Amino acid sequence: MSVLEVYIFVLAAFVGYMVISKVPALLHTPLMAATNAIAGISLVGSLIAAGAAQNRVATIIGFVAVVAATSNIVGGFLLTDRMLKMFRRDEKTPASQAK
Amino acid sequence: MRISVPTETAPREQRVALAPDSVARLIKQQKLEVVVQRGAGLRAGFRDDAYESAGATLAADAASALGGSPIVAKVQPPSPSEIAQIDTGATLISLMRPGQSADIVALLAGRNVTSLALELVPRITRAQSMDVLSSQSTVAGYKGVLIGASALGKFLPMLTTAAGNISPAKVFIIGAGVAGLQAIATARRLGGVVSAFDVRPAAREQVQSLGAAFVANELVNESAEAAGGYARAQTQDEAARTLAAIGNHIKDMDLVVTTAQIPGRAAPQLITAEMVASMRAGSVIVDLAAETGGNCALAKPGETIQMHDVTIIAPLNVPSTVAFHASQMFGRNIVELLKHLVKDGQAQLDAADEITGAMMMTHDGKVVR
Amino acid sequence: MRDTFIQASYVIASILFILGLRMLTRPDKARTGMQLAAVGMLFAVIGTLFNPTIVDFRWIIGGLVLGVVIGYPMGMRVPMTAMPQRIALSLTLSALAATLVGIAEYYTEIAAGSPPSHMKMAALNFEIMLGSITVAGTIVAAGKLQEWIASRPVTFKGQNLVNGVVFLGVVTLFAYTVVDPSQSWAFYTMIGASLVFGVMLVMPIGGADMPVVVALLNSYSGLASCATGFAIGNVILLISGSLDGASGLILSILMSKAMNRSFTNVLFGAFGSQTSTAGAKTAEGLTVRSVGVEDAAIQLAYAQLVIVIPGYGMAVAQAQHAVRELAEMIEKRGGEVKFAVHPVAGRMPGHMNVLLAEANIPYDKLFDMDEVNSDFDRADVALVIGANDVVNPAARNDPASPIFGMPILNADRAKSVIVLKRGMSAGFAGIENELFYDKRTSMLFGDAKTSLTGLINEMKNV
Amino acid sequence: MRISVPTETAPREQRVALAPDSVARLIKQQKLEVVVQRGAGLRAGFRDDAYESAGATLAADAASALGGSPIVAKVQPPSPSEIAQIDTGATLISLMRPGQSADIVALLAGRNVTSLALELVPRITRAQSMDVLSSQSTVAGYKGVLIGASALGKFLPMLTTAAGNISPAKVFIIGAGVAGLQAIATARRLGGVVSAFDVRPAAREQVQSLGAAFVANELVNESAEAAGGYARAQTQDEAARTLAAIGNHIKDMDLVVTTAQIPGRAAPQLITAEMVASMRAGSVIVDLAAETGGNCALAKPGETIQMHDVTIIAPLNVPSTVAFHASQMFGRNIVELLKHLVKDGQAQLDAADEITGAMMMTHDGKVVR
Amino acid sequence: MRDTFIQASYVIASILFILGLRMLTRPDKARTGMQLAAVGMLFAVIGTLFNPTIVDFRWIIGGLVLGVVIGYPMGMRVPMTAMPQRIALSLTLSALAATLVGIAEYYTEIAAGSPPSHMKMAALNFEIMLGSITVAGTIVAAGKLQEWIASRPVTFKGQNLVNGVVFLGVVTLFAYTVVDPSQSWAFYTMIGASLVFGVMLVMPIGGADMPVVVALLNSYSGLASCATGFAIGNVILLISGSLDGASGLILSILMSKAMNRSFTNVLFGAFGSQTSTAGAKTAEGLTVRSVGVEDAAIQLAYAQLVIVIPGYGMAVAQAQHAVRELAEMIEKRGGEVKFAVHPVAGRMPGHMNVLLAEANIPYDKLFDMDEVNSDFDRADVALVIGANDVVNPAARNDPASPIFGMPILNADRAKSVIVLKRGMSAGFAGIENELFYDKRTSMLFGDAKTSLTGLINEMKNV
Amino acid sequence: MSVLEVYIFVLAAFVGYMVISKVPALLHTPLMAATNAIAGISLVGSLIAAGAAQNRVATIIGFVAVVAATSNIVGGFLLTDRMLKMFRRDEKTPASQAK
């Protein structure tokens, strides 16, 4: 693992910070849902663990991890989507007015 | 059930007890029958046909208007002759000048007419819609300022013109009740620089809520407010300090409108002869408390006089000069009152009722107040 | 070749994550943003599947399928109201995954007889510590939200002490395993300790503050994935992990702000001191819901019909001009605004008319009671500005009330009510107003003019 | 150099040619000497001492005020007797009713008095500060609405009260010149729903710039505007279409204020008897063009009449009823004019000058217009 | 150890750069931000000095000293007005440095007989191409700004063709050297070609648009450093390079927006088609300076005394309420606001009074001509809202003018003037107004109400 | 040079973008000055070139580069500072008002 990863960490964190700062409270919940769906990225690790076939134990654990992560991702995104549908009705109004 | 509206006979009275819109309501909403004397509304701007299309039947003369109705609605207190024409046992709803009309009341009692005095509607939120004092004070406050502004040799608003800068007139409203507040609003609309004074502490915030300045904060005190938001008479030295305060504020006022009253008593004298003398030439005082003696010592009720180069106007029965809307509001008050009185086609004259009781002057041939 | 493909898909994934998050902060773009993020996730997964170390796909396929089967209903069935606990739970899952990966990694290396390097161990520890704290914490949080567990702050004597000890334990084990990675027992004990600590962390926090806690734990699990990234040298984990970590943290801070509670107060106020839940209790034990300008602004921004009910308070605050401004902004966004003027609003006949006219609000926007009362049913928001008695349902319901019988504006029939006033004090009639305690009512406390100015600024950002 | 101000003798004239503030300017800024007749300002609200402290010397009577001054400033055209008292060779500045005052002019010429008619100040931006028509029209427009509002039996503003909803009065202003625009502004201030009409296209934007509605856009046309922003008389069919338009708009108006004028001609008749008949009972018409015959066919200049239940008021010399500020503005106009006329203590009466020339009625004993 | 130190200082440097840039976008924080960036630079340099490959410090010391000696006067002496060209020149320097480094790198590797890898060559090429384009471009830009070179767009027949050819040349050589890095001649030719291209690029652009160009070149040189970073595997170069690249690009886009010119129009509109410079020409060939709301907003935000001059235009736009709002915002920020009402402003006596009163602007803020005219000298901004004749200096200076002799408001005496009107049309008197062409005047075109609303929003961001 | 650098590039660029978007026009010039002072980072490269002492030519070139970069940095920052001083007077006003 190289020092470059530290830069990536710093930069990514900064991006995360800048992106989120000042969000209307209304969006807090969906945003939470979304970020946590992204947190499902741990799936990537799980896949490797489950697929590396180093040894039974690791594979089993990996398998469980995959199940957990996947269900989170799938569920999470669907849920967020449902929540955000609520804005759909109005989407155009402000959009059109925005310009 | 039938309710009738005669033409007002009192001098200078242009209002009518029910405007066509009120008549319509009574007929539609309360299934009452309404009789209106011919020409009753004309001076207020309501032609007879308006009443007819509202569903009223027209009575040829006072006799046929007053007689034969269980309920008679009037603006001014009835004259003896009018009383004579009202059916015995009927109910009369009108202003009564409680306290100043013993003879009339006696006559009514004698004829066993139940009379309800509109001045006595209790000051409770629920009864506000029946409160003619409020509605008519509103008119008075508005008109009072117009009268003053017209009499004043100055502009109320500030104007910057090619012919120099016109500075806005200073308007001072004394007494910030219903009339006073309306006067403040009107004067502000016209662009005057408005200040006001009242003894009731609540009045201060109310004055400011209209964007006007409140004078002599130090003078107001809690105790000044009596039941129903009315003011009580002041003590000797309160009065003295009030005068002092008004005295040194009034000096450079251009237009002063006074509305200070105390129910059932003479209006407090708040502007002395010296104060008038201290004012600028050409300034104007409109004394809306004239009915109850006036707030200005020099005011001659019903007249307009010039003294110390100051014009002092003390108009009587101001609401009558805005007859159209005044009548409309008066009528609506009566409609609301009838809503309260008349249950399924019968007038409920319950002396114990919070509102009816408070208004009753005569009942069952007795003077009840 | 294959490697470049993986990297490429990772790069794309991270960009999609960032853009997605960005859009998620704009109500009108949010949904698209979310979908971008989802696509990003797809890229990440596909990219990963090409990872050379993956040799056996059977378990993977199985896991994915099973995951989808479980995840789908979770996403579709849950009622909107159960949202927070649902989020907490799915967070448990991702944290669990992260933890397990860490364990698997550690186990494998130990099994292979080559304990991980100190550096790597540190990373693994972080991953596992944060992971387990999150797992435990989120479960408790979900419990409190679902009220399986007492939602009120659970505290006991010497709590701080116990917490301190546990925390110390975790830290020591952490350090120890880094120094000597081969000490499996210490490693697994640390996991246990972390779990306990997670519970400890959340237990003493009140149910009302749970959302904040969940957001914070979210950021933990983000950092966990990040650590995984370091550990197994996987960039996408690294990036999305840190993205998550940062955004989660900010989000939790923002949320506590929105609940006007200080962040530290939510977390550490938790320890020992009983934390109060947002919302003031009243005599009758009813609670009012107070909102911040942001929320109120959003409500107004997306409302189709807003009925403004001005009262004496508007006059006192001289807020008439601000009211006009706000109304104009709502209309600019396509909403409709009506002004409902009650016959006795204010302190003199026509009080409201004078002020609204001064603010140049056209007459045809003013409606008197009879005209407007029927519209409330279809109003999304009734905006009550310093009015009180004129919207007091007691006039309808409570024969004992001094104002019983007075016709009132049917604010309580609107889909939602926002009340601007300074405090809970009564109006002219001097009586309580149950409208303020209605569950559809939110109170925006403060001087009407100040609040309105606030709303106006917020509207700009929405 | 000395300039003198006599007391106005015309009936109903309360103004004075110079207010104290103007006197002060003349003395301070232009080093002139000012003589004011005792009591000249009193009816406008200026006491003699105010003039004294402004630096004027008081003249006991008209004779001593009019005589002995190279320049005399008046409001109304001089009476023969007054002319007799003015020094020969002196200059008189006042309103002159050009075209209607041949006799007066002759007398002035006979006495070799140079007379400048204030009505004739050219309509150029530079001369605006000397333009008494503008300043006095401003007063008229403001007061006209007050008169109308006071005579009206309705509220101008909208009011929602416990006694029902008062709908705002509909106000219609005909002629949107200086007076008309001021009337619009005043009526809007009072809360009326204001519409206006004028033939000059420029007027439309100006009306809207005051937040009022413009009636019958289709009627205005470029050609309607003559030099100096004045309107020219209309052609037969223009007039016809104008009447039609006004006719169907006026029906449901509560208050109508007319200010339409055409310089040097009789005011256009814009409200016919039928129109009046078509109006609501109780509505009010204020005809500010009364001086030049009135815009309303039924108007009796100087009188207030009732016809078809409509009140028609045709006041004369309205500015004089706001004497204080009217005089102040009038005075400032004169000051600006003198600034233009008097160079280093000498009146420059240059017939070729764009402004002076335009105003000159008599000069060197000749009638120059 | 030493390496970690270097890396640490680099990490710190990059963080400082980012934070610094961020602050630079807030007027009140800008200065601090700039200083942070400077400190960051220091870290970067110091960190670098520890780089093991650096063995001989003599030349370095010399270079640094000499650089400071040259840089200091450049920084302190240049008059503010010469700012743009100065920036252009210093940009030349940094680009030059980047280019030279690239050359040195290449030279060394060739000299050492080991031509660089394809990858590295690509990086080097980017570095050098962008570098030299910038060098050439900035020199031309500076020339135009200083007007050594015709500041008007220089165009000739067949320009597009020539440009095309040159560009093609550059690309080909780029590709060729990547394929065969050992071809020095191609490498050096490419440099030449790039320089030419740089000149070509800027020549046809008008002087008024130079700032945009400079900003763009800035982003090029940023990318150049970035490429260097790739080439010699140095992270700080990489990060600050890409930071610069991105921000430079955005900045140039923003700038062209602010000059209400489309970005592409500035750049490619350049080729062939004559581009007009911002600002409309008038009969007398005087030019007016039109500004965007952002600039105007800033001016107002930081003014101590603003005198508002309302005119007929404000009435036509019915902008009185917006005016009040703006005034309140300025006061909130501590500025003072006066309203100067000219006797004949509008179309009727007291026209302005009526409207300002309606908007509830207190009487004591209104001043008539004589009261306020003396204040203009100390006014930072005279804000002319739809007024024209009443601020027309011709009334003072030009005896021929129909309004000569009419007293006017001394707007032209204020430190700066902002005029809100829809176009250049005349007022009531129908005459030109030289105030609009004064160099201290900026015109904010558009309906007064719209412009004011714009200003109000901007003020919020400032 | 590793692929990680690509991430760094992407992230950094993104940060740069997010930071700059929406700047008041007034600040464009100082901002330009500042970014270009930062562009002086090429000094880092120059230093290495000048100090590596691989061969005369490289060293000389490096030396020139150092001079150029340094003078740019020094001049650039000083200049920006001077420009920004113009806001100093007002700094507190909005700051204090902000809260």
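Order as written gives the chain letters A, B, C, D, E and F; numbering starts at 1 within each chain.
As a working rule, a contact is a pair of C-beta atoms (placed from the backbone, for glycine too) under 8 Å apart; a residue touches a chain by one contact, two chains touch by 3 or more.
Since the model is a prediction, treat every value here as computed from it, not as a measurement.
The pairing of chain C with chain E is characterised as same-residue: of all residue numbers used at this interface, over half are used by both copies.
Among the pairs C-D and E-F, the greater number of C-beta contacts is found at E-F. Among the remaining chains, the Cα-based centre furthest from that of chain E is the centre of B. Annotation: 69 Å between the Cα-based centres of chain B and chain E. Mean C-alpha positions place chain A and chain C at a centre distance of 16 Å. Spacing of chain B relative to chain C, judged by their CA centroids, is 57 angstrom.
Our note on geometry: chain A versus chain B, Cα centroid distance of 71 Å, whole angstroms.
Looking at chain C, residues 14, 18, 235, 239, 343-344, 349-350, 354, 357-358, 360 sit in touch with two or more other chains. Counting only residues that touch two or more partner chains, chain A has 4-5, 7-8, 10-12, 14-15, 19. Shared interface positions of chain D, defined as residues touching 2 or more other chains, are 128-129, 134-135, 138, 157, 159, 161-164, 166, 189, 191, 211.
Pairwise, the chains that touch each other are A-C, A-E, A-F, B-C, B-D, B-E, C-D, C-E, C-F, D-E, E-F. By the touch rule above, chain C contacts chain B in their complex via residues 312, 315-316, 318, 343-344, 346-351, 354-355, 357-358, 389, 402-406, 428-429. Chain E contributes residues 341-345, 349-350, 352-354, 357, 360, 363, 366, 368 to its touches with chain B in the complex. By the touch criterion stated above, chain F contacts chain E in their complex at residues 1, 5, 8-9, 12-17, 19-55, 57-85, 87-91, 93-98. Interface of chain B with chain E (complex): residues 157-166, 168, 191, 193, 211. Considering their complex, residues 14, 21, 42, 44-47, 128-129, 131-132, 134-135, 138-139, 142-143, 146-147, 149-150, 152-155, 157, 159, 161-164, 166, 186, 189-191, 280-283, 309, 321-326, 328-330, 332-333, 336 of chain B touch chain D.
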